[in-house]
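Input: structures, listed below.
Next, two complexes with subunit A in common: one pairs it with subunit B, the other with subunit C.
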Partner chain A sequence: MIQLAGTALVGILEEALDRHGKSPQAALQVLMSVQRALHHVPDEAVEYLSSRLSLPPVRLRGLVSFYSFLSRTPQGEYVVHLSDNITDQMRGSRKLGDALCERLGVRLGETRSDLRTSVHRTSCIGMADQGPAALVNYRPVTRLDDQRVGLIADLINARVRLEEWPPEFFRVESNIRRSDVIFRKPIEPGAALRASLDRGGKNLEAWEEDLAPTDARRHQLERGGAETLKEIYRAELRGRGGAGFHAGIKWQSVREAARDDRYVLCNADEGEPGAFKDRVLLTDFADMVFEGMTVCGHVVGARKGIVYVRQEYAYLHDHLQGVLERRRARGLLGTNILGSPLDFDIELHFGAGAYICGMETAMIKSIEGRRGIPRRRWPLPVHQGYLKAPTVVNNVETFACAAAISARGGAWFAGIGTPQSTGTRLFCLSGDCERPGTYEYPMGVTIREILRDCGALDAQGIQVGGPSGALINRGDFDRAVCFEDLPGVGAMMVFGPKRDLFDAITNFALFFQHESCGLCTPCRVGTTLLANYVKKFERGVGSPVDIAEVKHISSLMKNMAHCGLGQSASNHLMDSLQKFPHIWESRMKTQEFVPAFDLDWALEEARSLTGRTDPAAHLPARP
Partner chain B sequence: MTKATVATCSLAGCFGCHMSLLDIDEKLLDLLQLVEFDRSPINDIKHISRPVDVGLVEGGVCNAENVHVLQEFRRMCKVLVAVGECANTGGVPSMRNGVSLKRCLEQSFIRGLGIEGAQIPDDPELPLLLNRVRPLHHIVKVDYFLPGCPPSADAFWRFLTELLAGRDPALPRELIRFD
Partner chain C sequence: MPTFYLDDSEIPFTDGETILEAAMSAGRYIPHLCWRPELEPHSSCRLCTVTINGRPFSSCTQPALKGQKVECDTPALLAMRRAVIQMLFVEGNHHCPCCEKSGACKLQATAYLLGMQDSHFHHRFPVRMRDLSHEGVSLDRDRCIRCEICVRASRALDGKNVFAIHGRGIESNLAVNSPSGLLKGSAISPDDAAVRLCPTGALIAKGRGFESPIGLRAYDREPLSSIELREYQARRAVHD
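Showing the complex of A and B:
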């Protein structure tokens, strides 16, 4: 046991408070720092922080129990989280995980008795193009194989500091295989902002001459924002985070809000299994993302932006802070941006392991330092969002597109893609394809074209848009990816001709069961029931009666669940029943209802307690 | 007109659901115009004698005998109805599911106060307990679920008359709200 002298503990806690501040919004950030330093959040820490943050202990305990990377009980000094997406499993992650546990002498989900290490499974960590992957102390290790797993076990057993591990273990590739008009030649830092400010009527030199923010200059700033908003409208930019809502409408609502404190939030939670484009954008195009947020700040009159980054991408912290620093130094962030009266700055905020925090109102709560549970839909975030102030929430890619639009004009953007889906889109290809990675295409590209380029024309099926999207078969390959036809985030997991797709839907069902936040009954109970039905079929005891039940539960969830997670958590099951019925039928050994468990087994405990062996002490499997 | 046949039973339940059925008072006479009861605690017939139209099952499934009875009902009833919370979810008896059967029986028959000759009963006459109490639909296919603890007399009446008239027996909101 690590015995913490009281003063050492206080030192660690105070350091976390110094780094993140003592506002209630800092609570989650502080706890994650404590988790990293102590490998758990001990009860004494909760007590201490509760008085320092002026929050009741139960509020902090609520955070520890909600977020999967926080734990109340001690984890090992080396915490391994094995990415358990279907794409990892298809490359043998389960076996590798077992081998790792064996070499470490620890059981999955447990902590070794000397507190050296713990091994867990976790939802996709955003490395589907270079899996199997894992987080070791929240740093991604990619391309796991037997050799790498063996070395990792040795390094942990020998207690080698992570800094001294072979750097190639931590190498994360961007794997950009195809780029198109937006990302082939990213805009110069400052170009979008300059264009936005210039729309106010004065050229930049004039802006820079005299810093005094006179009424006339404020008026110009205002006009510039209004003109840029027109460009966003002209571009018909729609959100890239899933729902495809028009960015212009959102921005205008916040711009017209009656309050002066407004916020711009960038959603970099990217929790959808199989998605990783936001990671690539934050890695290679961070300037464009930040610039898009700043342009948004100009348009809506916000002074502060926050990027909500999933903990799995926390390894990008220093890189992102570096880009922010550089932008401040170049006058692209901070006060009097490019010499104009525009003030805007950006903060980073990190999650702690929860898919639901990508849902916008859950994200807002998480940034406020609360459990990430979606709130009621109205009032919309544009009216009452972060700290009840009018708030724009957009995806990483949406902001990058906005920057390009400001720099190059809405008409240019609108000329790309299809009438209702303008611009280009990033696709994340993973699974059974020759060249997994990120691909940029104009909207409206067909599935077949993408498959041809990534080397997967023999695929039998594709999960488009992650588990909450659509499972399609060969008959759909000529469909176009755009809001008019096949919408959804650009995550595409490819299943080759030899795969058993039942493995995939099992993985997805368990994913939703794990990630349901538990607020509403249709989803909390529904996701568990659906996972149980899938397991029932896996055991060969499913029947048409159960299929009818799966359909019934699915329709209840679609209609009654509180948020998008529950509403879409059964899509993969419905799609598979329709497009791949044989994976269900081949497991259907009976037409009659059979219990999911063995009735005779259910008497075993009573038999052993009573020592009875008479015929009445048994139940036949079937009546 | 030939009467519809109905069978009823109580598994791991308290008979409260049956009491509520009897609570339809004078409508009971109307009901008897419509149906004829086969196996039921109301008439003390022990086994279903022929295929019946409707089976009403109260209570969850806690032991081997419950399983046999429920399977007989499923075999013999065209329409099987889970009646009341215990049949729908396991209800009060399923509160033991949070504790292992071992602890449960030891507390009752060995460690409990004032026990003499402490021993877990092993008489073959007694049905063995399942490791968990189950709702009906874990064991057999169930056609309708009548909610409530117990479902109100009006709910029984409405459900049965609609069903026997060949209509969808969905209950209006006022019959299934309990607050």
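Showing the complex of A and C:
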């Protein structure tokens, strides 16, 4: 059946199957392994895997076509993904990318004819505090500059193995610039679990005598979970992944669900451009995150947890596995945790490049080995989630907070922050600030205080909470970051006084167009229409009619889109129209409508295909 | 029987029914394209959006609740539905006058129903692969609105698995489950529910062109809404 590389190919495929298993849920993991080994997923591989995984080829091809890091056609043996967030662009990533392509003799998005290398652009890879950054064979290379780019080109041209590249290329800093009560002194591994188990009563004698010891221990376990749930409620812990839903309510629903198979999923997709705090947590506080998941397992009665890690963070695989191994060895994971009847274990699951997979029901589908398309709203994951079982989905930071709460009590946590936003929060500062990195503050901190600490008081604007959040100007700097005022994940991209914010909104509009899953009409079509309007203004031929149209489409998407992506994909445009109207007005040539269609622009494709740049390849400019 | 309010009318419902189903039973038509009574709801076209306390929900998936006040035919919602239909038109290539489905096309009929006068937005003029390889069925992807009715119908009603969606976002497309990716060699047959239920001219059974002349086709003779309401109520009568 396999003709090309014959047994070598089969060997690679079998190895991937051995590593990830042959269940349908393994499909995406297997394909990503194949991609890494062969730099694409050839049709022969799809055919072979289809019979081994008992899934139709069309289903596997569907995965390859959906996830950005999978490709059907060969990419380079050295595949470079340049992070294309606005913060990368602000530090010259586009020029560096061009230089890299030139030195490699390859065009962006195409593979060199000797199959040695290919260079692509990708959405923010979670290194906004140390960009411009790129992934080389899925390993992050940070702080790109002319010199580094030149060296990378030389190393690729000389076919030097990544293991022999200068290790400092791959250095990723946590850049924790400020810590507060939760992360200044992380809890000892096991402390949160022990506290949770102890809440059920410390010794068996206290239990009624007519219970057999195993039953008594089960009751103890049960009561410990119930008591810890009360602490979570007392803490008023709200989700850190975006929506701010109360964790206690979620946990209780799953705890009370009528099925015995329950799951705890940790959302480490962190796809919001400019966000990187989950990367820092997984790097420096993985124990706390896993412990929070295990405490959750105790509370809700789950035996299995899964962390969904974006592919951009797959370089953390060995580190995370190591922490899990250590926890198993210490009796903090596995069966009979800390000698109790509690069984719980954690698996890692990796994405393959799709922002939408951070949306919880899309993430569930992705973990099931499917395309990451959001499900319909009902039933909720707490009733029917992963494999239709009751499922808790929480953000990485939410689990870390839960561990702290179990160890130190709900009242302690509730005493930090504001009445409706308890605890602290991690902020990711990037862009035009002197000290980019991660900052922990109690909830309710003002923007001004953050800007002072990171050295950005001269900022003209900040994108708070990533592109789907809010673009604010100086008038908002005294606002507080908390659920009552400025919510959203803690990503803050700072724009200094000299920046043209139109570059930022252009970047965001293209981001949403690229990341829309395509399920629903308003978002699938709307993100493209909006991106085209932004491009029209970029060319300087916008008009008030077009602005009215942008507002119209935006309101349509807010009201009619199926999920949060489409509903928030135009926030940055609306905010910029309100807070920075001049960036739009300066791009209007006329008060009259000008058609987007222009004969000369229409020739652009022909020009680029034929490589023509000479004047004769252009039509005379419009009068 | 519990009831809820759809605009000003009181609509009875049974437990577990969605707003759309209850409305259809009561003779109130809510425009929809991706919903079919015999299939699991999909909530992708978003035409059926209604608001409850000002918050939007797709009525094809939202369960009816006792006493709830649902707004459906407000001017704002009607305008938004029209815009969604316009989006579907500019996304593809819909040349109604030369389409075999004209007059029996739900997309076209819904556009009429919603009073669409023009396509308003910029046309995208996509070029997607057309598939004429099969002797009995043709697929024109430029007319496909990705409602996935064929995907669901092929699995649930035909007991096959002929279709899937590939790609992402605006580039997503209907894919065919066959070794070559073409209809020829797939399990499709012209009598499949997948073909029959396609609401547009994307999937067409070949060899039946102009069985009835333009002007005398299904929705030329009777409005889409009254046909569908009648069919739905007949279906309910059988199933209850």
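Rule of thumb we're sticking to: the second predicted complex is superposed on the first by the 583 of 623 C-alpha atoms of A that agree within 3 Å, B and C clash if a C-alpha of one lies under 4 Å from a C-alpha of the other, contacts with A are read in each partner's own complex, and residues count from 1 in each chain.
Note that a contact is a pair of C-beta atoms (placed from the backbone, for glycine too) under 8 Å apart; a residue touches a chain by one contact, two chains touch by 3 or more.
This one's a predicted model, so the numbers in the text were calculated from it and none came from an experiment.
A.B. asks: Could you say whether A:Arg61 touches subunit B, subunit C, both of them, or neither, answering first, second, both or neither?
C.D. replies: A:Arg61 sits against subunit C, while subunit B stays out of touch.
A.B. asks: Tell me the contact category for A:Ala596 with respect to subunit B and subunit C: first, second, both or neither.
C.D. replies: Once the two structures are laid over each other on A, A:Ala596 reaches both partners.
A.B. asks: Report for A:Gly11: first if it touches subunit B alone, second if subunit C alone, otherwise both or neither.
C.D. replies: Touch status of A:Gly11: no partner.
A.B. asks: Per the contact definition in the header, classify A:His514: touching subunit B only (first), subunit C only (second), both, or neither.
C.D. replies: In the superposition, A:His514 touches subunit C alone.
A.B. asks: Tell me the contact category for A:Ala606 with respect to subunit B and subunit C: first, second, both or neither.
C.D. replies: first
A.B. asks: Check the residue A:Val545 against both partner chains and state whether it touches subunit B (first), subunit C (second), both, or neither.
C.D. replies: First partner only, subunit B.
A.B. asks: Classify the contacts of A:Met560 with the two partner chains as first (subunit B alone), second (subunit C alone), both, or neither.
C.D. replies: second
A.B. asks: Is A:Ala616 touching anything from subunit B or subunit C once the two structures are fitted on A? First, second, both or neither.
C.D. replies: In the superposition, A:Ala616 touches subunit B alone.
A.B. asks: Once the two structures are superposed, pull the subunit A residues common to the subunit B and subunit C interfaces.
C.D. replies: 596
A.B. asks: Which part of subunit B faces subunit A closely enough to touch in the complex?
C.D. replies: So the residues of subunit B in touch with subunit A come to 64, 67-68, 71-72, 74-75, 100-102, 105, 120-122, 124, 127-132, 138-141.
A.B. asks: Residues of subunit C touching subunit A in their complex?
C.D. replies: Residues 41-47, 49, 56-58, 61-63, 80, 83-84, 87-88, 90-91, 121-122, 124, 145-146, 161, 164-172, 175-179.
A.B. asks: If we count contacts the way the header does, which residues on subunit A are in touch with subunit C in the complex?
C.D. replies: Those residues of subunit A that touch subunit C are 56-59, 61-62, 65-66, 354, 371, 376-378, 513-522, 524-529, 532, 552-553, 556, 559-562, 596.
A.B. asks: Which residues of subunit A touch subunit B in the complex?
C.D. replies: Contacts found on subunit A: 545, 593, 595-597, 599, 602-607, 609-612, 614, 616-617, 619, 623.
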